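As structure tokens, the structure follows; a few thoughts come after it.
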Amino acid sequence: MTIVAPRTPNTALKLPTDEGVLLVQGEDRPGLVRATSSALAENGVNIVSLDQYTDDPEGGNFFQRTVFHVDDYAAVRPVLEQSLQDALGKGLGLTWTLSDRSAPKRVAILASTSDHCLLDLLWRQRRGEIPMTVPMVVSNHTAVADDVRSFGIPFVHVPSQGADKSDAEARILDLLVGNVDLVVLARYMQILSEDFLQKVGVPVINIHHSFLPAFIGAGPYRKAKERGVKLIGATAHYVTGDLDEGPIIEQDVVRVTHADTAADLQRRGADVERAVLARAVTWHCQDRVMRNGRETVVF
Amino acid sequence: MTIVAPRTPNTALKLPTDEGVLLVQGEDRPGLVRATSSALAENGVNIVSLDQYTDDPEGGNFFQRTVFHVDDYAAVRPVLEQSLQDALGKGLGLTWTLSDRSAPKRVAILASTSDHCLLDLLWRQRRGEIPMTVPMVVSNHTAVADDVRSFGIPFVHVPSQGADKSDAEARILDLLVGNVDLVVLARYMQILSEDFLQKVGVPVINIHHSFLPAFIGAGPYRKAKERGVKLIGATAHYVTGDLDEGPIIEQDVVRVTHADTAADLQRRGADVERAVLARAVTWHCQDRVMRNGRETVVF
Amino acid sequence: MTIVAPRTPNTALKLPTDEGVLLVQGEDRPGLVRATSSALAENGVNIVSLDQYTDDPEGGNFFQRTVFHVDDYAAVRPVLEQSLQDALGKGLGLTWTLSDRSAPKRVAILASTSDHCLLDLLWRQRRGEIPMTVPMVVSNHTAVADDVRSFGIPFVHVPSQGADKSDAEARILDLLVGNVDLVVLARYMQILSEDFLQKVGVPVINIHHSFLPAFIGAGPYRKAKERGVKLIGATAHYVTGDLDEGPIIEQDVVRVTHADTAADLQRRGADVERAVLARAVTWHCQDRVMRNGRETVVF
Amino acid sequence: MTIVAPRTPNTALKLPTDEGVLLVQGEDRPGLVRATSSALAENGVNIVSLDQYTDDPEGGNFFQRTVFHVDDYAAVRPVLEQSLQDALGKGLGLTWTLSDRSAPKRVAILASTSDHCLLDLLWRQRRGEIPMTVPMVVSNHTAVADDVRSFGIPFVHVPSQGADKSDAEARILDLLVGNVDLVVLARYMQILSEDFLQKVGVPVINIHHSFLPAFIGAGPYRKAKERGVKLIGATAHYVTGDLDEGPIIEQDVVRVTHADTAADLQRRGADVERAVLARAVTWHCQDRVMRNGRETVVF
């Protein structure tokens, strides 16, 4: 059942070479920016851009994203990692991750029958807009199989099987674990178990078709029509065990009127859903998003 | 305690003369537009603009707003009313209202300590942007008294008196009943009783400082910060006995980030609140808003 | 060289039956709404929605869009046309057109190498969002051929041939004339001659990649970057002999920052371009757009 | 003629104490962030937030904004300035400025007869939303005198005197030079000479009532109506000798329709103008805006 996920060809994707992103997170204290920039400078690294945020000047949490350039990054990286571990990890108790901008994220997309979010991601991937490859699309339906394969991307059908999801989830885990860096639910209409979320071991991003926390749960467009709202929206968030309660990455809305039917809301909402999901996935793949409890920091 | 509400001077307000607005509402059936336009044409009335909407082509509700011009409207009006009553009321069982665009709506504003919504309405009134006069501002505090009076508008202080609101509400009713066509709650921090709403006899518009139905009740900006939303909003709605559940007239949002504190959200939200309330009051005073159960039709 | 344009299968498109749209345009005078609604009512027609606009209450131009339902529209239509001609054409000198909502518009799309506007239109057509069929896509390049054909839509390659465009234009005219109701330029990078526009005989809609009239001509994203604007936009307009000067149907913008490169602007602008073009084409195909000199009236 | 500009009372303005902003600008090279953060850390300064931008990774310009906290800033400041001068000025040839967040900017507002931008700034100043005081408002008309004085702010009338502006400009310079840190043109309808701009010695921010570069010059709303645009906008920019060509700080737009008259555009545009100007002035007073040739970097 295990397939080897091929890297999809992605000739449009022009990724910077010899550039990396350093994310640092932890308890705020004086000297963190200096410690970080010193560890970089000592290794000949030049900072391209740096964003920093502290959620409370007194005893809050510290977040920092640094994009840097260094000649022959591949060779420098092990030394740099040691410097960072000495300066940030051991010395200051900070959490940090280092990434290589020339390596796109490997993203699996889970979908059901709706194609708008899925196709938008695949188009953007093909155009080179998002630093990602898509090793596979998994669906509990076959409706989108031909479209996915026309992009040269493997499509795997894993049917839902009623109340007991453990078998289907196990098959999906076989496909994903070790093969991908991110899972995107592109209007995937199955609720993933906490067990799945733990075992998959990578972040999972979902698109919810309402402006959360309004209209939590099923049927948000119908509920929006009944309430007579003048704007409808969509929310991209990390999936946690609490349904529709995970940290929000991005939201947007579109104006509607009394003359829009529930079907119109759904159609207009589809445009917002795909735009919001595309932005959230792009930012995640650019290492711009850091979690802070129930919130996100988006640099 | 009763005061005679003076018409505030409003020299900037240039209202069209010999123009009226006809609102018609009722069960949809064939021939309604013809019946209306015939009744108008027979009286020498020229239609300036006409909007029409049916919420269900099969057996739904019909809504129509017609702006018209007729020479010497004051003289024609009684005859026109008779024609409309014959054609629409008796003949078709429709509800209709006729207004005169040269007569601004008389609007009382209730406020507490926040001034942003109040001052924005008074400034727009002075500029002639909203077809209204403001005979009085009533507040349970005195913080805004000087500002209100600097616009030449009477300010009346009616203190809240703890749990039993009946006395304060009775005093406010004395001021309002018969003197105004609309009541606007411009961040008025008291909940009006159903008894008050019934006795006041005119529509009441409130501004809620969230994108309803998200963050119903008190402290919406604090709740929004805790939930980590990426947009905050405001909602103008007609007040009913169900708190925060009345028909929505207008909503809007503004983008926020992780770096915005709850105080920042409140400050940025204030801009949305005043804009949304100003639009809702303007549209109401232009006879553009019709109620349809829990929803509104805004032409 | 002439091909017979097949109607593309479009099973998702659910079009209303027995419904039509009447557009009326001409010199304003009293009684026009009555004349129209009478002509409709006499033929058993029920008005579903009606929008009306006069650009100047005194001696201006009158515009009206009426959506209506009538049993067995196909049978009634000839009689209705006669009534309208008598009442509106002969009687009042108005211009009017009648359409059938069950018949989608036939739309040819012209493209070059960019695929974002083209694919978005084809995808919306397949989803049934726009009441149109796409009998053919014509391009001066072959880059988009496979994508177009994967939608089951004919792709025709008509290469540009240097300075003298008359031959290429003649070939395109052979394909279009008589076969389509609308031509859409989806980032088609050739300027059409006045001769072509005259001979094609149907409206032509273009998407310009700037917020017109800012950055007219070539290279708008580069110019926008140089000027340091904080918003970039796109404009959909009818094509006339004056380049970038035709009546604007729709515009929109997106926020950018100093950190966006010219390539970023192009990428972000692409999202606005496809959204703006899709709205303009949808509205045109719904008979919502009427021309008023250099402006449009969009109901 | 010289008046001593009083600090207006501004009890709502809660400014942070012992916090400063350091802006650094210059030719990019490796080690700049480290040099800055070291100079700060050596003086016991804790970085609250840091934004950094380089307009070209290879040989571009470097921009950095650092908000910091240090105990007893007033006492530390001279030592800190020396450290920065040694590290950044002498060592690296960078330009830097240091400000104290407890000291609001002193802002003079120039106005003519329109009050919307002016009053919005004065309200926000009174509410404590903008870290500024307004020592005076200067106008070539007297229309806004009473409103200004009702805020407890001095109003000075300097009439325009025909073609030769030198005398009026000289009088305004007498009022401003040495007394203010910023000049805001809040719909001031006089063009300032290059000589004035040079002598005033502080930045000047203007609000233009169009989405520049569309509709440069006079009458933008009339031109927008004639062109039939679907969005109108406003632009806040630094004033330079080239009219309407200065570096843009902020822009925004609002949707309009065919039904809006030129007067409607002006009214709706006024809301955008005041919002855009308020944001630009706020950001400037928060030391968030840096000039980069014809562009701005807004952190």
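Per-chain numbering from 1; labels A, B, C and D assigned in written order.
We adopt the following convention: contacts are C-beta pairs under 8 Å (C-beta built on N, C-alpha and C of every residue); 3 or more make two chains touch, one makes a residue touch a chain.
All values reported here derive from a predicted model rather than from experimental measurement.
The chain pair A-D and the chain pair B-D differ in C-beta contact count, and the higher one is A-D. Among the other chains, the CA centroid farthest from that of chain D is the one of C. Rounded to a whole number, the gap between the C-alpha centres of chain C and chain D is 43 angstrom. Distance between chain centres (mean CA atoms), chain B to chain D: 37 Å. Shared interface positions of chain B, defined as residues touching 2 or more other chains, are 49, 53, 259.
If you check the complex, the residues on chain B that touch chain A are 53, 55, 211-215, 226-231, 233, 247-253, 257-259, 292, 294-298. Those residues of chain B lying in contact with chain C across their complex are 29-34, 37-38, 40-41, 44-54, 57, 69. Residues 49, 115-116, 119, 123, 127, 129, 150, 259, 267, 271, 275 of chain A touch chain C in their complex.
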